[in-house]
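The following pair of complexes shares a single chain, subunit A, combined with subunit B in the former and subunit C in the latter.
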Partner chain A sequence: MAIEVRVPTILRSYTGGAKTVEGAGETLTALIDDLDAKHKGLKGRLITPEGGLHRFVNIYVNDEDVRFLGALDAKLSDGDSITILPAVAGGALGFAAAAALLGRPSKHLAAAVSTKG
Partner chain B sequence: MARYESLLDALGGTPLVGLPRLSPSVPEGAPAVRLWAKLEDRNPTGSIKDRAAFYMVREAEESGHLHPGDTILEPTSGNTGIALAMVAKLRGYRLVCVMPENVSAERIQLLRMYGAEILFSPAAGGSNQAVATAKQVAAEHPDWKMLYQYGNPANARAHFETTGPELLQDLPTITHFVAGLGTTGTLMGTGRFLKEKVDGIQIIAAEPRYGELVYGLRNIDEGYVPELYDASVLDRRFSVGTRDAVLRTRQLVEVEGIFAGFSSGAILHAALAVAHEAVKAGRRADVAFVIADGGWKYLSTGAYGGTLNDAEEALEGQLWA
Partner chain C sequence: MSAATPGSPHSHGNVNSVLTIDSAIVDAIVAHARRDHPDEACGVVAGPIGSDLPTRLIPMDNAARSMTFYEFDSMEQLRVWREMDDNDEEPVVIYHSHTATEAYPSRTDISFAGEPGAHYVLVSTRESDSEEIRSFRIVDGVVTEEEINIVDATVDA
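What follows is the complex of A and B.
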């Protein structure tokens, strides 16, 4: 059973630079275990020590977010395409900047943000 | 009613139009599956962001955090900036936008026309550079105020109080709502409202999948999840690549005469996926989705003509949603 997995640049140090790798497994957990056997350390970047999917990792099965398909228990089939991506909001650049600004100890920014109607 | 006291009063109340040609055909005697487009390009500055911009400014005023003459600082890559620029102009504020330089020329021209000032961060640096630029600006101007659309409850509330009720009134038989996922405000606000009112409704997100250059992240721990995001509001979430988004955007104008931006193509792609599933399952479906903005601001990308490969190339490294 072959499942194609697309790996983001920031995780390609685990796949010898490969953009896509192949794996097998009837569930996402099984697939990630299989990948980790071939690409040591990859699992630790995707799964938290508590056993859940890392907050800033999104995994898609055929372009659909696995968090809505049973997460790590999501069932996989031969020929499925898996995409791993960092979790980034649509307007990522503005968001990154805005979030960083909020980290500043500025009461002006905080005041504008804590707006409640 | 088609008469308003001012432009801001004309916000919302956008048309919901059926898509008889793009809706999938069903076998004889099977329940109908219909697609409906909410034309948010009919808002004052031409995008759905007018709703959030107006709500965020009004609530900041009412709670005393924003005073006439204040400067609003907002990192934004487009429509929110344009919407805020209009609201700021009409309400007497100065707007400064920090944005990456790889956004379309039309967006920049529009922002300047509405009177906003723009500070660019280099595209090459991705989000890290945008962060650095914004931090520098904020350090130099500690009195500027940010509305922070990613965590501002007024963003989602705008959709809870306007977009959601409008949809329910126009389409009481709604079964699915599909919108883009960016700040998540549209989906959170509209989704919460519809879930309270319509049993079994499915709320579906379509998020743009850009080339990795756009993200510019160095580490998996650098991801960003907006504070407004609550996964329990969603039932499904699709990642839509540039090619599919362009294909659907072209179909919208070629088949139904709706000239939209590429994020709307991505949303249609997800809407079609659920519509075809309903046909397969023999279930009735009224799938409403959002046309987030018109295509005018993206003409200079050249992605409306030529082959799909050309279009994909033209949009490489661009923020198209």
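What follows is the complex of A and C.
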């Protein structure tokens, strides 16, 4: 089962500079484990020590954000195309507060932030 | 404005210690920041890969719609990043505004900075009659301020 994975610049140090790598797995978790076996250390940039999807990256299956597809449990099929992008975020807000708001779908983030004023 | 200084041997690829950018693009970034004030505004300026020249302004939604935080909408980002790929472009500038503080990267900005090749441009709109606009490289958590060389007509009209 071959799944194409597009790797952003900031993570290409793990893939020997390759923009695209191939992996296999029936779920995103399995795919990331497979990728980590070939590109040591990649997993740590995608998954937190607590086992959640890292807030610094967005991962897409074909045209959908995996956060809307069950995150790490997202089911994958042969021929799927995975895109990893660095999440673009920041702002004057303190890091702890910002971090607490991230790692959840943007649609929920907007509501969460607006209640904080 | 001063000319670009030669990149050090340790610089990354085409990275220079100066951002050269068209005045029309700077004006549009400032106008976007003013329009969204007091919320933070954010966006990208794409340019041909390897050129280090920002040519195509893409204002992005701040999915957080917040005065102290910005986040690209993940689906809009995918669309824009693919479009850049198709055009052989890359994000030369990633900009956002601070609406009550100085135009200097916050710890949050530094933690999230995920495009080592990009110029991170910050605009402060805290003063109503003047803007502070500054540019930085943020690589591996290290912030380096650079000059902004504002020029006319690097973009074809």
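By definition in this document, the second predicted complex is superposed on the first by the 88 of 117 C-alpha atoms of A that agree within 3 Å, B and C clash if a C-alpha of one lies under 4 Å from a C-alpha of the other, contacts with A are read in each partner's own complex, and residues count from 1 in each chain.
As a working rule, a contact is a pair of C-beta atoms (placed from the backbone, for glycine too) under 8 Å apart; a residue touches a chain by one contact, two chains touch by 3 or more.
The structure presented is a predicted model; accordingly, all values stated were derived computationally and were not measured.
**Student:** Comparing subunit C with subunit B, which touches more residues belonging to subunit A?
**Tutor:** B
**Student:** Contact-wise, after the overlay, does A:N58 reach subunit B, subunit C, both or neither (first, second, both, neither)?
**Tutor:** In the superposition, A:N58 touches subunit B and subunit C alike.
**Student:** Just which bits of subunit A does subunit B share with subunit C as contact spots?
**Tutor:** 8-10, 56-58, 60, 63, 65, 67, 83, 85-95, 97-99, 101-102, 106, 109, 113-114, 116-117.
**Student:** List the residues on subunit B that touch subunit A in their complex, please.
**Tutor:** Within the complex, subunit B touches subunit A at residues 55-56, 58-60, 62-63, 65-66, 72-78, 80, 98-100, 121, 126-128, 130-131, 133-135, 138-139, 142-154, 157, 180-184, 205, 207-209, 212, 214-215, 217-226, 231, 234-241, 263, 319, 321.
**Student:** For a test of understanding, state which residues of subunit A touch subunit B in their complex under the given definition.
**Tutor:** Spelled out, the residues of subunit A in touch with subunit B are 8-11, 45, 54-58, 60, 63-65, 67-68, 83, 85-102, 104, 106, 108-109, 111-117.
**Student:** Within their complex, state which residues of subunit C touch subunit A.
**Tutor:** Touch residues, subunit C against subunit A: 40, 42, 44, 60, 63-75, 77-78, 81, 94, 96, 98-101, 105-109, 111-117.
**Student:** Give the list of subunit A residues in touch with subunit C in this complex.
**Tutor:** Within the complex, subunit A contacts subunit C at residues 8-10, 56-58, 60, 63, 65, 67, 83, 85-95, 97-99, 101-102, 105-107, 109-110, 113-114, 116-117.
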